[in-house]
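Notes for the one structure printed next.
As written, the chains take the letters A, B and C, and residue 1 is the first residue of each chain.
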């Protein structure tokens, strides 16, 4: 058993850390404050191949591992959680399902543009009445000759207004329940497709979370992704992968808050000494550091299994559950260590605490993760 | 066009700290990096590769672990990487280092040789011009901007204390580059994925045609007689006071020293 | 190489636009000291065009003899003609010691000369002295400036060294001193000289303020943050009649121009007052300013290394203290 990073991964870490520190971190506060999608950062990421890390080279990707992809989401999120989730949604929720379920034609058409970052990807499953109960899909797709006609709407879609390609889950035969659900590839320019309102969020405020609206949206028949009636399974499997990405995002947020807190508690003096010298600080920080390291191992182990074709559904759920709750705990305590300053926007821990919360909610709430883990335990 | 960039692995001296008790260096945990000026030079080479299809080789002389910066260079996009490493080359001063590198360069085709202005661990700025002398090449140092006419001629902006100079020279020639002149690209993800499966040529002293008395310790006119930690003058007084009191303290001191 | 044949201390007298640079006079001061210890002569080499009348300045500042090479090829500094002329002087005169300023010219020329004459060159020396065996002991900062190393060039001559401007002290000008002025006419190899063409020399306004000449420097580091932060420092510098300088961090960040950088890779300064604001004091920075007469440091971090060299240290927020100090100074006028 080898827990060390390979030389390739070490080299990747060196690059992504420098990138996050120099290109991402300086924009983090502004992106949050102005609720602005950091398109210039995405362009820089695209230039060096970050938008296609685990996509094979024959489809224009970098041919890297999911471990590397997880490291990228972690390091980006350590600086800016918005940037982390842009990459995570693009890679896990759009590139991965096309890679895993697409026909050769679909892969050739979409993956090179997604991997190069020319196109940004998104994923639409959630609806106003279908959140955790994703089977309650009300978006309907009807075959009309050579075209599918979609009607309905999706909400809370990450990358919504900036994406060019959407994986859309819709009901193709209501009578069959989850077996009547299918997946489709929708392009931004398709007739009848439009972007609805943009959410005003507590955290990850730059990530362009929007509504998607389908009004007699017509797409060619060959945009169906995977088999007819297998869309629910496709969505669940896609979310399994996505959860590791979100786990990595949460881990990055936690690490960022740790970095800030170590720095602050060393600088901040009360009662004549640095607050890092108080045992209360030391013991609490030691516990948090231990959790962050455990969280990292869960993320890497889940990605390792995905890279090696092993089942990883429960591993992904455990990674996401633990990382999200760790992020929430670390950031909450980080604010506490910063005292009054921590509650202001002068210090980044305030943003990090707001950013952390979403990781307990999206791509399956912590409760859903517990259901998945328990499901495996008691099957 | 063939470009050879000479690079060096150096400790990141900005990460070096002093032990306040002993005044000695804390070298532990100091990462090794590609020398910043050299990385700037590499960026210029890669830009010429993009514009004119140049073939870019990097060479470093150093310990086997200098392999790491060659992998980084491969991931940034160079075509060929050479590690010149041999115990016989150890203990070299700048002249012996430049002799060895010039020996290696003599076996290669080049139109342009690029080095960093200086390395952050030695700060001598000597190896580049010395290589140029050994190879009888014209040089321009302190390069901050480079243009190529696509044929043979380079137009170079050289930084000076007062501003800059514009100089021209034809290939083959050598330039030394400032890190501040250019922002080096990041390694590409795809380059990183391939970096460790590509070849790094390992050359020893037999590969270069330089007499042994010109390389390593034997070929070094200079030697270190002694080294010692810098003696720091006794620290003055430090006060942790309110801004108002701080201003008082400063004003009083400035008066006392007749500065105001 | 029979090193006993080599004698005298040579100084490259750098001129720009016909003006002999301060560093040349500083080197003459040191050369005088070394030559007196050795019982040898100080010889200056002056290269340029229409500069022969400047030789007396070098004599007045310590030279016993000046080799003048007056040629239009030498009007502006270019590596090859300078290297050719000086090599011919070295080969015919056999100097024991050869000193150059560690300027962009000296650092371009020095290594070229050392390789051409197959001898050692020690860069950026801060101390030069004669050892027991009459050898030149050249001390320079190593490893980013914290460690000092004394270098010898035992079996090769000349013993070459570059010295940064501002490090050595010139001796008082004595216009009554006399010395020999020798015209030297080298043979130029034009084929080699023609390989590099100088198109133009541009002086930039912004680098006119030479921080190494300033008596008062208000210097900013990472803690200053940005351009707005530097405006506070500029206001204080203006009030004190000084200049603003910077640490490397702020130059790398693009906030300050390189010509105002103090430290190992910037300039060495020794003003009467050096006010380090928000500078932690990395060893590279200290190397460039610790010789200052009086150092005041303002930093939030009590443990910042800058306090080890400061005469007066203030643990506090420069963004509060600097503007208050500026206001206070205004009211005192």
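Things to note:
What we mean here is this: contacts are C-beta pairs under 8 Å (C-beta built on N, C-alpha and C of every residue); 3 or more make two chains touch, one makes a residue touch a chain.
All values derive from a computational prediction rather than experimental measurement.
Looking at the partners of chain B and chain C together, the chains they share are A. Note on interfaces A-B and A-C: more C-beta pairs are in contact across A-B. Summarising the inter-chain layout, the chain whose CA centre lies farthest from the centre of chain B is A.
Taking the mean of all protein C-alpha atoms as the reference point, the chain centroid lying nearest to it belongs to B. The centroid of the Cα atoms in chain B and the matching centroid in chain C are 21 Å apart. Centroids built from CA atoms put chain B at 40 Å from chain A. Centre-to-centre spacing of chain A and chain C amounts to 54 Å, using the average Cα coordinate of each chain. Along chain C, residues 302 each make contact with two or more other chains. Taken together, the chain C residues at the contact with chain B in this complex read 16, 79-80, 103-104, 107-108, 110-112, 114-116, 118-124, 131, 137, 141-156, 192, 195-204, 207, 216, 240, 248, 251-252, 258-259, 264-265, 272-273, 282-284, 290, 293-298, 302, 305, 307-317, 320-321, 324-325, 328-329, 332. Residues of chain C touching chain A in their complex: 300-302. Note for the complex: chain B touches chain C at residues 11, 13-14, 16-18, 20, 23, 25, 93-95, 98, 118, 120-130, 132-134, 136, 138-142, 155, 158-170, 173, 180, 220-230, 232-233, 235-244, 246-247, 249-251, 253-254, 257, 259-260. Interface residues of chain A facing chain C in the complex, by the touch rule stated above, are 267, 269. Taken in their complex, chain A has these residues touching chain B: 6-8, 11-12, 14-15, 18-19, 48-50, 52-53, 57, 61-64, 68.
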